[in-house]
Structures are given as structure tokens and as C-alpha cells.
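One structure, pasted below without further comment.
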Amino acid sequence: MIPALNLLIGLAMGLNLVALGSSRLPSLIRTVSTQGIALGLMPILLEGDHWDWRIFLIAMATVAGKGFVIPGLLRRAMRAANIEREVEPFIGLMPSLLLGAGGTIAAVALASALPLLPEHAGSLLVPGALASVLTGFILLIGRAKAISQVCGYLILENGIYLFGLLLIKATPLLVEAGVLLDLTVGVFVLGIIIDRIQRAFDSLDTRKLTTLHE
Amino acid sequence: MMIVRIFLWVALAPLLPGLINKVKAWVAGRRGPPVLQLYYDLIRLWQKGVVLSTLASPAFVVAPAVAWVALACAAFLVPLGPAGAGLSFRGDVLLMVYLLALARFCTAWAAMETGSAFGGMGAAREVSYAVLSEAALFAAMLSLAVQTGSVSLVAMLSPTPGAGTLLLAAGLFIVLLAENCHVPFDDPNTHLELTMIHEAMALDHSGPPLAVILHGASMKLLLFAVLLTAAVLPLGSLSPLAAAGALAGGVLLVTIGVGLAESFLARFAFRHVPLLLTMGILLCLFSLLVAWKGGAA
Amino acid sequence: MSGALVFSALCLLAAMGTSAGSARASFAFTMAGTLVGLLAALGVLLGPDDWEWTGAFLVGGERMHLRLDGVGAIFLVPVCVIGAAGAAYARAYWPDSDFPGAAARGRAWWNALILCMGLVLTISNGLHFLIAWEAFALCGYFLITLDNRRPEVRKAGWLYLASSHAGTLALMAFFTLLAAHTGTWELGPVRDVPPALFWLALFGFGMKAGFFPCHIWLPSAHANAPSHVSAVMSGVAIKMGVYGIVRFGGWLPVPAEAGQVVIGLGAASAVLGIAFAMAQNDLKRLLAYCSVENIGVILIGLGAAQMARTHGNAAWGQLAIAGALLHVWNHALFKSLLFFGAGSVLHATGTREMSRLGGLGRAMPWTAGLFALGAAAVCGLPPLNGFVGEWLIYLGLFDAATTRAGFAWAVLPAAILLASAGALALAAFIKAGGMIFLGAARTKPAAQAHECGAGMLAPMGVLAAACAVIGLAPGLVWPAIARAAGSWNPAWAHAEKSPFATLGPAQAALAALAAAAGFLLWKKSRANGLRRGLTWDCGYRSPAPRMQYTSGSFAGIVAGWFFRTFGSERKFRRPHGPFPEGSILLERIPETVLERWVEPAGAAITRLSHAALSLQHGRLQAYILYLVVGLAAVGALVFLEGKP
Amino acid sequence: MNALIILPLAGAILAALWPDNRTRPWFLPAVGLVHVVLCLRLLASPPVVSPEAWIGFDPLAAAVLPAVSLLFFVCGIYAVPYLRMRQERPNRVFVAALLAVLGLLSAGHQARHLGILWIATEAVTLAAVPLLHFNNTPRAFEATWKYLLVGGTGIALSLLGSFCLGYSSLHGGGEGDLTFVALAAQGAGLSRPWVLAAWVLLLVGYGTKMGLAPMHTWKPDAYGEASGIVGAILAGGVTSVAFTAILRIRSVVASAGEGGAADRTLLAIGLFSMAAAALFLLGTRDFKRMLAYSSIEHMGILSIAASLGAPGVWAALFHVWSNSLTKGTLFMSAGNIRRAAGSPSLDDVRGMSHVVPRSAAIFVTGLFAITACPPFGPFFSELKVLGAAIQTGHSLTAAGFLACLLFAFFGLTRVVFAVVDGRPRPAAQAGGKRLRESFGLIAPPLALLVLSLWLGLFTPAILQDAWTAAVAQLFPNP
């Protein structure tokens, strides 16, 4: 099943670049949710040969959570703040694209340095994970709008989730579920705070959020 | 014996200024005042009344007396050749030096009493230059101590003349001039107040206190003369009579030397005074080093 | 003995307890505590054996262990004496009526300070020593900042606190290292520890002792504290630092060159301290710098003793250490006396600037007389106590010189510098006395000064009497000093017979003669007729106060010699032209070490800290970038360096 | 399964359902008291924890959790009068969240499983969010936002790290049992590169929660805007969870034979944190942010101590106690002063000793306590750290440690005395009325101060044994 899996991972990595390149928030959110769905499907592919309902459950939950619930939240926040565009990011689109591309290559290189179990040898899981984490960081550091930063955070989490798939056989369900749960709650909270900030500052431009400093 | 010693110090001291003035007069080709002039002055002053500044307290009168006592006691500690010292013990040399300091303290304090500009000026100069002369004096005493391996004046002042002796003599002579306010440091009989040290402090004194101050000054001069002589001449190795003679001669010589210095040198500008004093310090230091090395070898 | 010490401690605690309630009761307790403590200390000094007590319970995991030997007792005496005198002086000088609240706090901290100093002197466990030491330092801080509404007081207090803490941290390191090497916190003579530890102790305690150049905190703290606090800080508190150096110089194996270094520090402190004192215009600063000098004097004696000890316990070492310890007493006595005098002046005129004073001697003759006596004592003039102590030190140095031993070279410059320091001290105190008490009043407040009450004069009188007694009958204190010297270095335990056999009577005779002569001369002048008139002053018609020599002009010559050393700041416009006008000479003597070395360093660090703070600018993106950087750094540390 | 966790969570639910705003705060001291009692009972009679248990009151938990519980209890007492002062704000969420934090902290301290540990920490992070924006001001929301994103990123990294550690176990032939016991047992079997990667990610991740520089950035904002008790709980409780997490992971890494690398990084990051904190302290002009920087400094001390082997870890556990208790004092008294002064900035606060004398006195004493002035707890624990450094031959570390302490002292005293001394501004004069120094507001910080004093002077043997046991657990084969 590795090839199919790698196809999806490749898609996810592509979506990273798309996220880096997209200047409009709706498209950014859409990218994130697509990536979420892609990630959600992976466990099933990974476990394709023998059927395990728990894995299936997780996959569904992931698809629901990453693919629909969280993006929905973000869309709501965006509409509340009625902003569409990412204005003047700290790192421009082109630079961040290049950074992301470079990062992806670096990730592939770095991943080859880390020893893998035979069954994962051919998969793109590790480079994919690292690339997504990197993309997440670039968005978190580079973007000025709170929502795009949350998207960055989500991509970061996606990367980690990808990595988690390495252990999906070994690590019992609890951890995975806990991870997912925490993530969702986390984004819920993020959503709430974004909402509050929107009300307090009537803007989601984080450059306004610099009153606390020395 | 005690009586004789005291008599010697008290009675002979005022001779020295007289001699100095005589020498100066001879050099200048004048007849000059009689050698006993200071005795006359003292007697006259002793009978005069006192004019006391409205600002001054009794301390203004008492201080000179204390200073005189301090000088007398210091003199008492200095051995007169064969006669030895009136009182001698380990470390009496320190007591002597600090008695001189006590005398200085009293005169300076009294000088500040009247709030006169010149009193302050004189006191400031006196105490400031004393810093250097005291250092020189200590260096000299140290070198004597090191040379003789003793810390009591009687033993220290009968040295065997060594390589350092000349340096020491020169250094002590400079200290003598400075401490007793003679040219080139100060001019005892100038009448330009701005150039005075000792006189400036005594300006406001009159009557018995002034007499006490003048006599104390002469006693201090004698003390230094004796010190210098005894530090240079090997009195200990002479027969008592010869020693006494040598001492007397030495003192006379020193006095004449002072007189000659007075007549041939001019007063230094005050900013040059430290230079000369530092030279004195260095001379004493060198003699100290010579003594130190001499012992080590 | 134990009973006495416990009683005195309890009394001090009671005094703290009642400080807010009843000033009278608190004072009574303080007196009781200090006097009993004094008796206990003397008991140890005059008795043959030490006092020792080990408690059953643990504090901080260590057994309480107190010990009072000769060295501790010799330092405990001034603690008690000045503790009592200062408390008495404060009653009149800082009454509750003038300082509501602050006065009560002052009493509490005062007693706490005495108690802590007593503990420092008795505790013989490293851990507890640190505790008592820091507590003592903090008491000092709260005493200095009693009047903390004044910014300059707060500044001075903070400087004291900061430097004291620097010392404490050094001591933390010192005691921890000591414990690590000996395997126990118990203190006592130790053999097998690296001698280099001594340097750490020297710095740690030196910050408190305030020798040059660790004195940065001293002038401002002593100048801005209430005068009775200045007295105890200067007379006693800095001696705790000396105690530490003496104590561990005696217990530790010291480096071979320790003696020379200590002598060098001492000589430098003596000369520079008094030179700075000479240049001051603020009376209390002058006294503070003079304390630096006296610490220097003590260190010279200590260094010589240290040297003698490292080279076969030569006998002259005993004289040196005895002189140093005696000077500890003497300085406590006359420095407190002088600070009390300064307090009275401040109380009477409201200023510490000598150039605004003058002629106070007529208004406050008693203060003037006592101050003069203190001044004579601090200049080391016979027949007072200052001379006795310095005489011992000199004797030690001279004896060392006469041995001509190669290592003893250091005593030659030391002796000479000590002598010039003495002469400078004389100059400084002639200036102080003259500017304040003699001549004509320079300002209105000075003219309207009034004598202070008996409540302030009595403690000064007691201290002055003590100065006189030690001066006239030094034989009395010799046994105590010799005992202390013996317990500092057992090799000197056999107390040689008093070296004062001749000096004592000589001083007494001198005093008697001086008194007699003074009296006779006064009588004679009266008999000859004593006329009051204007100061003649070479015939000026009406000498005005402004014509007097000022503090600055008096110090001018010496300040000129040290111009480079001080780094003095000078503004000078010469008079010129036929009708000169507007000529001016301003000279400011800076706190050289503080302003030229310490403050620039501090400024650099402050700039650094502002640079660091500008990174905390509030932009979240950057914060996450820092996080990534941190990740990269840790990764680099692990992976690059991590390869075995 | 575990009363220490269940009880507070149940309390939280109950409090959330509780109708009355005035009586609800009493949940905090009540639950806190029971929690303390339970903790101390467990401390007195340690239960046997089966090695494969995922959650258990093992020696390490016993060595730290009671401190957190004690701190929480006292904060709970303080919370009652505090929340009465803040009647204008509904405290339903606040109280519930606070109790939830306690429960999750207990879980985190007792977690013996990598995943559980991570979940608990993450959950604490999220549960603390409502506490931070309790004041409901824009500043509070900004602080929360930063806390959430920086902390979240950190937590994400620690998750990644956990996965790496897990994978290292898989790669070493393990069955993916992520309990620390199992991981440590696998020891050298763990695959080196993955362990190192895991260590880097976990150190940075949990270090962010601890607030080690340069991941500390959220701390000043959060502590500066949160109320006193929240600050105290964050500084005393949450940080200690992260620290115990690092300790547990360090022992795994050490058993994998990479202890050297781990200690090196701990030492470096610790010294860096101390130095950075000292610099910040020298410049800050806000006495609540000052507390945050001081907390960063002490996290640095902990991390240094943790790098000094067994004696160091013992000292570190000691310091966790003394630091939490003393910090509690500082946060509460600072809270009082902040409330009376109406501003945390030196630019407009002065002479508070005349406005709120008791709080000011406690604040100053607490300052001396936290700057390692004897005879308070921190002095003894930091002396132990110093001793450990010297004992293990890290003389330079000791020197740097002392230097940082000195500069931190300069900074702290500078700020505190500027706040306390001098003449109060007329504006602040009213502060006396704005805040009545009631018993309930003074006693808790004072109690913590006394506890810290007692902890230092008479360190109870039972605690020393607990710490020794914890060290034995972390260093199985000395």
C-alpha cells in the first residue's frame, strides 16, 4: 500500500506549498481542510491489508475533525472578522514559498539520515512530517493575521500527526485519541480567543497585539 | 643629672637662632643682632600682656604650652652622646616622632582658632609639608634601626658610620630645614605674610604664649641638630669627653650650615617645596636600602 | 558564662520586642544586654579558657555550635560598648517626637544588628555563619535606610546592599568550597584545603571591611545614615569584615604571599583613604574615608602578623597582631565619638558641609572639646589610645625590619606609608576641627548653633574617657590583647610581659605635664593682663568670615599631589586684565573607584540589558522564531558536539 | 483510579454546576484541603506502584506533588477574599478551571507514561486559558493569545518528541510500550539518533512550558496580566510538571547512554536562562513582569541543578519546593500591591510601604527569600545546588551561577525598593481605600513565607527521604 500512501503524502506536501503561496484566507483554510482529509484517510491505507474498526474510527474522527470541524470554526471566525486577505505578511509569499521548497528538500535529506524500520523504509512519512512542521513554522512566523497563524499551527499539527502514523500500530489507541481530542479542544479554545480578540480589538491583525512589551 | 639635662635643652636652645642670625650677618657683612637676642626677646615677651582674638578660646593660649611640653619631652628622649637619654625604652623613637606631631597639631589648632586668613594658610602649609618630612624622618629612623638592629634611640644613635651615612646626613639636613621652617622652605624673618609657614601660624600670638612658641621652635631646632649629629658621628666609639665635644661641635656645625643655607639660598616657590622634600625622602630611602643590603651581605 | 550570653541575647530580643511599645523599656533592655555581653567578653579575655556550647537541635540540618574564644571576644567588646553608647545617643538624637515610626524601627533594627553581630562572632558553623552574616548585613541596610523618604539615602542604601550581597555570594562560594574540602560545615583550624581559598575569603569579607578598592559603598552609606548608625557601621560593622579576615587568616592555611598582599592592601587603603578624606567637604564623608584609612592600618598590622606566622612565628608578629586588634578597639571608640560629634553638629546646624560651618566651638564647647580629643586620638597622637595601637604596629614593623629577613621587605614601605598616612590624618582633622569649630561662623545656621543636650554629650564623654584610659594606662588592656593574639596563633599564647611598661607611665607623665603647663601659661597670661581684641590678621580692619581659609583651600596642596589619582574635576577661570572680575575655581573630588571603574561597567551592563529587553517587543511571530532558534541551538549542541 | 485526580475534576464539575457566585469560591480551599491531606497521607505511607502502571504516586510524584498541592491550598484560601473583591466578574469558569488545573497537575505529576504525561500537560495548558483572561481586558486576551500559541507550539514539539522517543523504542525492537519504566528498561536498546532527536524536541517542548529562555516569551505577558493566584499556580505548579517531565525523560535518555548530551544541554540552557533572566531583571520596569523573569531565573537554576547528577537533582527537588512556596508569597503580595497601586509600572508606583504596609513588608521579605538570603528555603536549596556543582567539579558553572544570582539580585532589589520606598503618589494614596488589607489577603502569603522559612531551617526528614527516593528512582544504577 506504500505507493498509495506516498501519493497522499506527496499531496499533503504539495498542499503545504499551496498554503504557503495562498494569499487569501478562504483558500488557505480550504488547503488546510483538504490536507486534513488526506491525513485522515492515511491510517486506512496504512492498515489496508487487515481490517481494524478502531483504526477506522480514528480515521473517521480525524477526517471529521481536521477536515470539517476545525476549518468550520475558522471560517466562522473569519466571517466574524470579515477579512479575506492576508495583508502584508512578515515574510512575503515568494520568500515563504522558496523557504518552504527549500525546507521540503532539506526534510527529505534530513529524513534519510534517520534510521527507519524496514516497513517504513520506502514511505515518505518522515520527510512529509518534517516538511509540514517546517511549513507550519513558516506560516506561524511569517503571517500577520491570527487566522493564518492558526492555519500554520494546524499544518504543524498535521505534520506531527503524519509522524504519529509511524507508531499507529504500536501506540495504543488512547494516545492517538487523546492527541486528536486535545487538538480539537485546542483549536476550539483558539477559536474562542480569536473571537474575543476580534471583539476586543475589532481586528485580527496581530500587529495590533503588541501592547505587552518592555 | 636630670636637672642638668633639662637645663641644657631649655637654656641652650635659644642660642641656635642667635648663632644662625650671626652667621647670616657675617656673610652679609653686618654686625647683626647679639647672639643672645632671642633670650632678651623671650624675657620681654614673658612679661608682656596678651591680646586675645575675640574669636579665640582659652585653647589658643593652652595649645602652645602643650606643644612646648611635647617638644620638651621629645628632646628628653634624645640621647646626648655619652649622657644618654633621659628616658629610653624599646620604641621610644616612635614616641619622639609622634611627640613632634603632637606639637604640630597644637600649633596648627591654635593657628585656626582666630579665623585669620594667614593662620589657616600657615596651618595648611605646615600640616601638608609635614606629610613629606615625616615620611623622610621615618625612612631615616628605619635606616638607623636596620643599620644598628635596634629600635631604641640610644642604641640607634651610636651607629658605625656606613656607606649610607652621607646620604642620611643630607636627607636629615633637608628635613631639618623643612621642619624648622628655614630657607629654602620658609623665611623666618620675612615680613611678607603670604610667603610664611611657621610665622604665619604665630601671627596672632602675643606675650607669654608667643614666648613659649619661639622657645619651642628653638628647642625643636636643637633637637634636630643633635639628632643629625648623633646619627652621623660614631659617638658611641669615643671617650665620653670626646663624644661630648664632638656632639657640641657637630651641633655648632649644623647651626652654621643652616646659617649659610639661609644666606646663600633663596626661598623656593611653594610649588617647588615638595620636590626638595621628596629629594630628602629619596636620600633617606637610599640610605635605608644601603643599610638593608649592607646587612644582607 | 553561657547564662550571661543567653541573658544578653534575651535582653536584646526583649529590646526588639519593646522597641515599638516603650522606648524606655527597650533602652533598658539594650543596656542590660550589651553590658552583660561586655562582661562575658571580658570574662573570656581575662579568663584562661574559651566558652563553647553545642546545641542539641538542628538548624538547616546542622547542629548549633557556638564558641567564644579570644579573637571573637576582642571583637565582641566594641560591639557591646558602641551598641550601648549608640542606643543612648539615639535617644536624644533620634527621638520618637522627631521621627515617629522611624525611631521605633530604628531601635528594633539596632538591637537586631547587635544580636546578629554577636552571633557572627560566636557561631562556629559555616552554614549558620552565613545565615548570621546575611542577617547582620540586612539589619545594616534597614538601619541605613531608616529615613528612606530621602532619595540619596535610598541610593546609598542600595549601593550598600548590592556590594554587601556581592561579598556574601563570595562567602557562599567560600564556605561551600570549605565544606566540600573538609567534609563538614563545622569551622575550626583546618590543614588540608587549598590556600587559594583565602583570596575568596579576603574578597568576601573585604567587601564589608571596606578596604581600598572594596570601599565603594562606604562613604555614601556612612554619610547618609543617621549619625548613631554611621557610628556603629563605621566603628563596629566594618570590623566584622576584619574579624572574618583575622579569623580565617588564623584558621586556614594561607598562601605564602598572603602577608605581603594584605600589607599592600592595608598600605594602599591607609594612604588613599586618608587622602580622599582630606579632600572631602562633607564632614561625615571625611570620617567615612578616615575609616578606610584605619582599616588599612589594621590590615598592615594583620599582614605583618600573617607574614611572621608563615615564617616561623617570629615574635614581632605578636606585636603586629596585638597592635591590629588594639586598633580595632581604638578605632571603634574614637570613630564613634567623632561620628557622634558630627551628629551633634548636624543636629545643631542642619548641614554636614564644613564650608558652611565654622566657629561652633564657642556655641558648643563640650562637643568641640570632645571632637578635638577624638581627632587627636584618630591622628594617633600621644598620650591617647590611637598612638598606643599604632605604636605596637610600628614596633612590629621595625622589629621585622631589623631582622633584615628577605621576605620582610614589605614592612619598609608599609612603615613609611603608615607614617605619611598618620601625617595626612593630622592634616585632615586639623582641617575638620578648624573648619567646624574654630574661627568665625561662615553661615547663619552656624552662627545660631546651640550646644546639644546631656543625652548626646554623655555617651560621647564615656567614649572619650575610654580613649583617654587606654592611652594613659595601656598596661590594663595588654592581657586581653595578648590573650586574643594567643588564641589567633597558639604559638604566641605565652603572653610576653607588657611592652607598655615604660610607655604607659611616660604617656601619663606627658598628659600631666601638658595639663600643668597649659594651666600655668593660662594663669601667667591672665596675670600679665589679657585683652580681647579683633583678630589682628596683619591689620585688616574688619576680618570677615569669608576671608578665612576654606575647606577646599586648606586641602588644596594635598589635593594637588593626588590630582591624577583622584581624577579631580576642575573648573578654573583665572583673573586677568587690570580690573579682574568673575574669576572662579571649582574642584570636585569624585568617588573615583565608583565613578571611574564601577559605574561605567554598570552602564555597559545596563545597555546590554536594554538590548535584551528590546527583544521582548511583543510580536508573537518573533517569539515563535526565538523558539525555533532555541530548537536549532539545542539540536546543534546535541548532534554536533554530541558525537562520542 | 486515583483520588488525587478524580477529586479535583469532580470538584470542578460540581463548581461549574454550582449556582451561587458568592459561595462558589469556597470550593477551592475545600478541595485544596482534602487534596493536601490525601497527598500528605500518601507521602507519609507511600503506596506500591506497579511498574507497568500508567499513572501512579511514585517517588518522583511524592517528591514534588505535595508542594503543588500545598501551594494550591493556600492560594485557594486567598482566592476566597480575592474573588469576593471581584464580585463584578462571574467566577464559575474561573473556579472550575482552577480545580481542573489542580486535577490535571496531579495527573501530570503522576504520569508514568509518555503519552499520558503529554496529554496531561496539554490539558493543563488549555485549562489555564480561562484563568488568564479572567480579567477580560484586551491586554489579558493578548497575553492569552501569546500564551496559547507559544505554549501550543512548544507542546506540539513535545508531542513530536514523544513520537520520536516511541519510534526509537520501536526501532530498537520494543513493542511500543511508552511507560518510562519500559523505555528505561530498554536502555541501550533504544536507537541513538531517535533518542537524541526526541531529547531535543522534548527539552524544547517542555522547556517552553517551564519557561526556559529563549522559549520563555509567553511568561512575562501571562504573569503580568494574570491575577496573583493564577501566577502563583502557573509558576509553582505548571512549571514543576514540565520539570518533572524533563527529569523523567532525562533518566530515559541517560539509560540509553546519552546522559552526557542531555546534561550538557540542560546545563547550557539553564545558564542561558539565568543570564537572560538576570539581564531582563536589570531593566524591567514592571513589578509583575519582574516576577515572571525571576521565575525564568529559577527555572534556569532547576535546569542547571538537573544537569549535575544525583546530588544536583536532589537539590533541584528541594528547590522546586522552596521556589514554589516563596513564589506564592511574592505573587500574592504583589497582587495586593498591584491592586492598591492601580498599576504595575514603576513609573507610577512608589512608597507602597505607606499605603499597604503589611503587603509591602511581606513583599520585601519574600524578595529577600527568593534572592537566596538566609534563612529562607531558597537559600538552602541554592546552596545545595552550589554544593552539587562544586562536588561534581563544575567550578565554572558555580561561578556563572553566582554571577547570575548577583545580577538578578541587583535587578530585583532595584525594582522592589522602588515600589516600596519613597513617598507614595497622591493617586496611590487612595489605594489604601481601594484595598483593605484584610486577614484573608495577608495570612496566605504570610503562611507561605513561614512555610518557606520552616522548609529551610528545619527541612522535615520525610521530605528529604522523599527526595532521596525520587533520586533513587531517577538514577537506578548510581
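Per-chain numbering from 1; labels A, B, C and D assigned in written order.
Definition applied: a residue touches a chain if its C-beta (ideal position, glycine included) is under 8 Å from a C-beta of that chain, and two chains touch if they have at least 3 such contacts.
For clarity, every value in this text was computed on a predicted model and none was experimentally measured.
Trainee: I want to compare two interfaces, C-D and A-C. Which one has more contacting C-beta pairs?
Mentor: It is C-D, judged by the count of C-beta pairs in contact.
Trainee: Can you compute the centre-to-centre distance for chain A and chain B, using the mean CA position of each chain? Integer Å is fine.
Mentor: It comes to 99 Å between the two C-alpha centres.
Trainee: Just give me the whole-number Å value for how far the CA centre of chain B lies from that of chain D.
Mentor: From the centre of chain B to the centre of chain D is 77 Å.
Trainee: Mind checking the centre-to-centre distance between chain C and chain D? Centres are C-alpha means, answer in whole Å.
Mentor: 44
Trainee: Rounded to the nearest whole Å, what is the centre-to-centre distance of chain A and chain C, using the mean of the C-alpha atoms as each centre?
Mentor: The computed centroid separation for chain A versus chain C comes out at 69 Å.
Trainee: Pull out every residue in chain A that's touching 2 or more other chains.
Mentor: Residues 140, 149, 206, 209, 211-212, 214 of chain A touch two or more partner chains.
Trainee: Could you check chain C for residues that touch two or more other chains and list them?
Mentor: Counting only residues that touch two or more other chains, chain C contributes 613, 616, 618, 620, 624.
Trainee: Would you pick out the residues of chain B that each touch at least 2 other chains?
Mentor: none
Trainee: Every touching chain pair, please?
Mentor: A-C, A-D, B-C, C-D
Trainee: Using the touch rule from the top, collect the residues of chain B that touch chain C in their complex.
Mentor: 46-59, 61-66, 68-70, 72-73, 87, 89-95, 97-99, 101-102, 104-105, 108-109, 112-121, 123-125, 127-132, 134-135, 137-139, 142, 145-146, 149-151, 193, 203-204, 207-209, 212, 270, 274, 285, 288, 292, 295-296
Trainee: For chain C, which residues count as touching chain B in their complex?
Mentor: Against chain B, chain C makes touches at 358-359, 361-362, 365, 372, 376, 379-382, 387, 391, 394-395, 398-399, 401-402, 404, 406, 409, 412, 415-417, 419-420, 422-424, 426-427, 430-431, 433-434, 438-440, 499, 501-503, 506, 509-510, 513-514, 517-522, 524-525, 528-538, 543, 545, 547-549, 553-558, 561.
Trainee: Which residues of chain D touch chain C in the complex?
Mentor: 145-146, 149-150, 153-154, 157, 196, 199-201, 203-204, 207-208, 213-215, 217-218, 220-221, 258, 260-261, 264-265, 268-269, 276, 279-280, 282-284, 351, 368, 371, 373-375, 379-380, 383, 386-387, 390-391, 398-399, 402, 405-407, 409-411, 413-414, 417, 421-423, 456-459
Trainee: Contact residues on chain A for chain C in the complex?
Mentor: 90, 137, 140-144, 149, 206-207, 209-214
Trainee: What part of chain A is in contact with chain D in the complex they form?
Mentor: For chain A paired with chain D, touching residues are 113-117, 129, 133, 140, 146, 149, 153, 156-157, 159-160, 163-164, 166-167, 169-171, 174-175, 178-179, 182, 185-186, 189-190, 193, 196-197, 200-201, 206, 209, 211-212, 214.
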